[in-house]
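Input: a single structure, listed below in structure tokens.
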Amino acid sequence: MSAGNSRSLYQSDEFATRLQRRYAAERRFRMIGIAAIGMATLMLVVLLGSIISKGYTAFLQTEMRVEVTFDPTDVQERNYAAILRRGLYAQFPDATDRASRRALNDLLSSGAPFALEDMVRQDPSLVGTTRTVWVLADDTVDQFMKGAISRDTPESQRPLTDAKIAAIDALSASGALSTGFNTTLFTSGDSREPEQAGIWGAIAGSAMTLIVTMLLSVPIGVAAAIYLEEFAPKNRWTMLIEVNINNLAAVPSIIYGLLGLAVLLGFFGMPRSAPLVGGVVLALMTLPVIIITSRVALKSVPPSIREAALGIGASPLQSVTHHVLPLAMPGILTGTIIGMARALGETAPLLMIGMVAFIVDVPQGFTDSATVLPVQIFMWADSPERAFSERTSGAIMVLLGFLILMNGLAVFLRKKFERRW
Amino acid sequence: MQLTVLIIVLALLTIAGFQLGRSRAAATVGGRLVELHSVPSYHGLYVALWAGVPAVLLLAFWTASESWVVMQLVLAGLPDQFTAVDPQALSLLQADILNLAHGINASREPAPEVLAAAERYNRLHALGDWALLVVGSCLALAGLTWARGRLSPDMRARNRVERAINVALIICSLVAILTTVGIVLSLLFEAIRFFTVISPVEFLFGLHWSPQMAMRADQVGSSGAFGAIPLFTGTLLITVVAMAVAVPVGLMSAIYMSEYANPHLRTWLKPILEILAGIPTVVYGFFAALTMAPFVRDVGQSLGFAVSSESALAAGFVMGVMIIPFVSSLSDDVINAVPQALRDGSYGLGATKSETIRHVVLPAALPGIVAAIMLAVSRAIGETMIVVMAAGLAANLTANPLDAVTTVTAQIASLLVGDQEFDSPKTLSAFGLGLVLFLVTLTLNVVALRVVQKYREKYD
Amino acid sequence: MTVQTQFQTGAQAAALRQSGASVKMVAKDVKVFYGAKQALKGIDLEIQENRVMALIGPSGCGKSTFLRCLNRMNDTIENCRVEGLIALDGEDVYGRQIDAVQLRARVGMVFQKPNPFPKSIYDNISYGPRIHGIASHRDEMDEIVQKSLERAGLWNEVKDRLREPGTGLSGGQQQRLCIARAVAVSPEVILMDEPCSALDPIATAHIEELIDELRENYTIVIVTHNMQQAARVSQKTAFFHLGEMVECDDTEEIFTNPRDERTQGYITGRYG
């Protein structure tokens, strides 16, 4: 083992070949690492790609131009469907038999007469006149126009008959069909008819739920964090609270749903499907996250700040409220936003407390029946219609948009107020 | 209406209390503020607390109990023939009164007594609201006056206010404990009711799960079967698939990011994992059900395997993708906690980077990595949306990942979504499953967090 | 190879040959940058075979940085750049001929804080020989482990608990374990970066004795902030100050008769 020996040892050919093998192993290991990251990236791309490619058409909607005469008797009897039908049939003078007329009727959304009714209610002078209106086309027409229904599939296997396709072709040739931005998606609540279904009700429900969550979890969470980090004596009880909080953070979300069902609905008799209950459940779920991140933020304020405040005669509470808390605020805010983003995307516990009901109306108050965006996605995902699966992807894009916005805000705050001690 | 007024009145009185207390404190010393024990603002806060807190407590107590008290009064006023019935009919009666009181017409014509009771309910309610408004305002005023009268130059207002705030802070941190107690009690209570109908042994060791109670008594399996073993094995199968994806990919990503990638590359790679972590589970569920499951089925069929369209493989794979960032960020923490000195020691002996990682860093980080995997398993077991949407409800007892299985969480969700009678074993079984789920994940978490803590202490 | 000729024809090399020791390592105009910050400003130094060379100087003077250049440990630090020439037996260690892994096997290192791997004592020692493929079978490995521990003066203390974790030893024992670990791969040079700074006086005395014994077989470079230690263990001493090598001479000379006033200031304790 003398120096002379070792020189030959590490400069031998044997060592050189071994070294080559070791470097090959090194490269392999590195490749595995790159492959792992590549795999994660690939999955992200496939996931987002599949949703965007399926979903971007949800923001478009086909409308049909119909020339309608607001016949006074029909208006009187609120028979707007008849008004529409006459306008539609006028474009197809050849279609006189029942079957072909029924086929034509199917091209219009079942909600189209209500649109006419709304027009008349807003402007009664329309009665007796003839106007050109654009109304929603049926979702099958919409899907056909977007190319989701191919005319090459056998007639028995597609939702549109040959006759309907011929009618659509005629309409579209005469410029009576146009595809534009889908405002319905953003202005109406849920519906059984895909072309009338929107996410506004779900967005409003999400907003209300999130407001309740925030009002409860932020003050309580921050207060708890301040107590545990700044004032609590280090004894068994505070240890218990700490362990408890850490474990609550890892409890499956569905358990919080069970808690809400048994305690809030069962014991306190709160209303089912209400944003208030959803908000309370999500607040309990987010609380540990907010406590933990707030504690981290408080902990990162160096003790010298506290000592400085105490040294000039501030009480412990004053030192915290005047100095420590403002310095920890960006961190607390970031944690809060991330917690809220998680609450916004949460689904499972809300299923338990009945927010999964089919609700057409946009909720007006915190105790109204409502649903939230992720649950709306869940419900639409179950619907067999192609138009609904397109809207599901569209709704997911909106949800992800909100989440990106919130997380972006958190990142911005962190970058802007980042402080190194 | 009265409630809104009361809240406004209370807010005004509290603000007034603050102002009055502050000016009174200054007045007691004739403006020579140094003679005060506490600065005037604390005197103001002291008075404001006395004005606001008792009234708010009353308000909270009242709103929580008002409906119950009023209902008891209304029931007491009804003739015995209505109230002397079994509990179920009584609760039906109460529901009728409530519906009528809220102006919702019951389907059947209500008895005149019930109609009168509903009116009485509304009257009492209105009366109660007015009473609350008056009593609440008086209480606030009384508190304000009393506290203001107690102000004096050497009153330790700051200490009193701080003590009150301290109590409030403690109460806030007890919410976490209350949540846990609430979870445990509600799960236990309902689960015990379930276990009085179905024996725990049958539940935990039974091999057949079909909770649907038949409509007719003579139907096959009319009693429903509550053997949860197929759910446990299903959960296990999906978890194993998920871990088979998440652990290698997450761990190797963490290793690459913390040991190989330079800071520039890291700033590009980190967001990828963060985005994966931020995607809601319902989105993963949608992806699993509509993209991954058909893909797995088609690939399997082209290879000649019989693949269910709700295969455990598809759900587990997507769940694994969801957990990748979880494993990777936990492992990243753990790997970064391994002191650089150990790496240096290994490099100093002439080890290559991968040798150092495999023989020194990973063994040193092993406890932390094991804990991370345990937390990931706990996450996988508790994950709901992916399995609800992609794994289906077929309670098959199988170890074949190409078959459809169901999980504990998927069953809980399907049992409790929609209308349900609260007392049927079918509904209660969800709480039994919830209890098992809670205990298993809790055990995993407690052990894992302890291991992590021990591990941190070792290198701090 | 150009390096070799360059130095062997130099006047310094001739002088060294006269003193009876051959040059093991040579540094010529070594500059180190961390990003934009320059840590070493052109160091020239020769390290003689089977001698102990001590590097002394106030903290932050670059002595540890220089030490880490000698076996390219600085490679592991991001944005660290080394300029100039460092040669081992006349071969440029930053050149193509020498690989960092091979170099570190030949130039071992002992660190400031004892850093045993969280493995058994036996595995700590056998780790190096195993990755380099030195021992072909078990008996050979046992022998290497025993010899290395004997050289580090630890064998008698641990021979009955080779399977116990190395982290369970006392601080001084851990550091000797790290020395044994370095010795086990049969290096030619051992670099020691303040090996006693984390140890108590008794453990320090142990290590110092050990260094003196190791000199027989190895060339040793030791960084220390403790001047008495430098005086006790080394034959040559180099004084570093603010990224420069101020002077290098026989240890006795440096401590009794320093030429530079900065050196004098430091060893008389005016600053440090």
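Order as written gives the chain letters A, B and C; numbering starts at 1 within each chain.
Everything that follows uses one rule, which is that a residue touches a chain if its C-beta (ideal position, glycine included) is under 8 Å from a C-beta of that chain, and two chains touch if they have at least 3 such contacts.
Just so it is clear, the model here is predicted, and its values are computed rather than measured.
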Chain located farthest away, centre of subunit A as origin (C-alpha): C
Which of A-B and A-C has more C-beta pairs touching across its chains: A-B
For subunit B paired with subunit C, centre-to-centre distance based on mean C-alpha positions, whole Å: 58
Interchain centroid distance [CA atoms averaged], subunit A/subunit B, Å: 19
Centroid distance [mean C-alpha coordinates] between subunit C and subunit A, Å: 60
Contacts with two or more other chains, residues of subunit C listed in rising order: 101-102, 105, 131-132
Contacts with 2+ other chains: residues of subunit B: 352, 355
Touching two or more other chains - residue numbers and ranges from subunit A: 22
Interfacial residue positions of subunit B with respect to subunit A in the complex: 64, 67, 158, 162, 165-166, 168-170, 172-177, 179-180, 182-183, 186-187, 189-190, 248-253, 255-257, 260, 269, 272-276, 278-287, 289-291, 321, 324-325, 328, 352-355, 357-358, 375, 378-379, 381-385, 388-389, 409, 412-413, 416-418, 422, 430-431, 434, 437-438, 441-442, 445-446, 449
Subunit C residues touching subunit B - in the complex, by the definition given at the top: 71, 73, 76, 78, 101-105, 108-111, 113, 115-119, 127-128, 131-132, 178, 181-182, 185
Residues of subunit A defined as touching subunit B within the complex: 22-23, 25-26, 28-30, 32-37, 39-41, 43-44, 46-47, 50-51, 54, 219-221, 223-224, 226-228, 231-232, 240-241, 243-248, 250-259, 261-263, 266-269, 284, 287-288, 291, 315-317, 341, 344-348, 351-352, 356, 374-375, 377-378, 381-382, 389, 392-393, 396, 399-400, 403, 407
List of subunit C residues in touch with subunit A within their complex: 49, 89, 99, 101-102, 105-106, 131-134, 147, 183, 186-188, 217-219
Sites on subunit B touched by subunit C in the complex: 262-263, 339, 341-352, 355, 359-360, 363-364
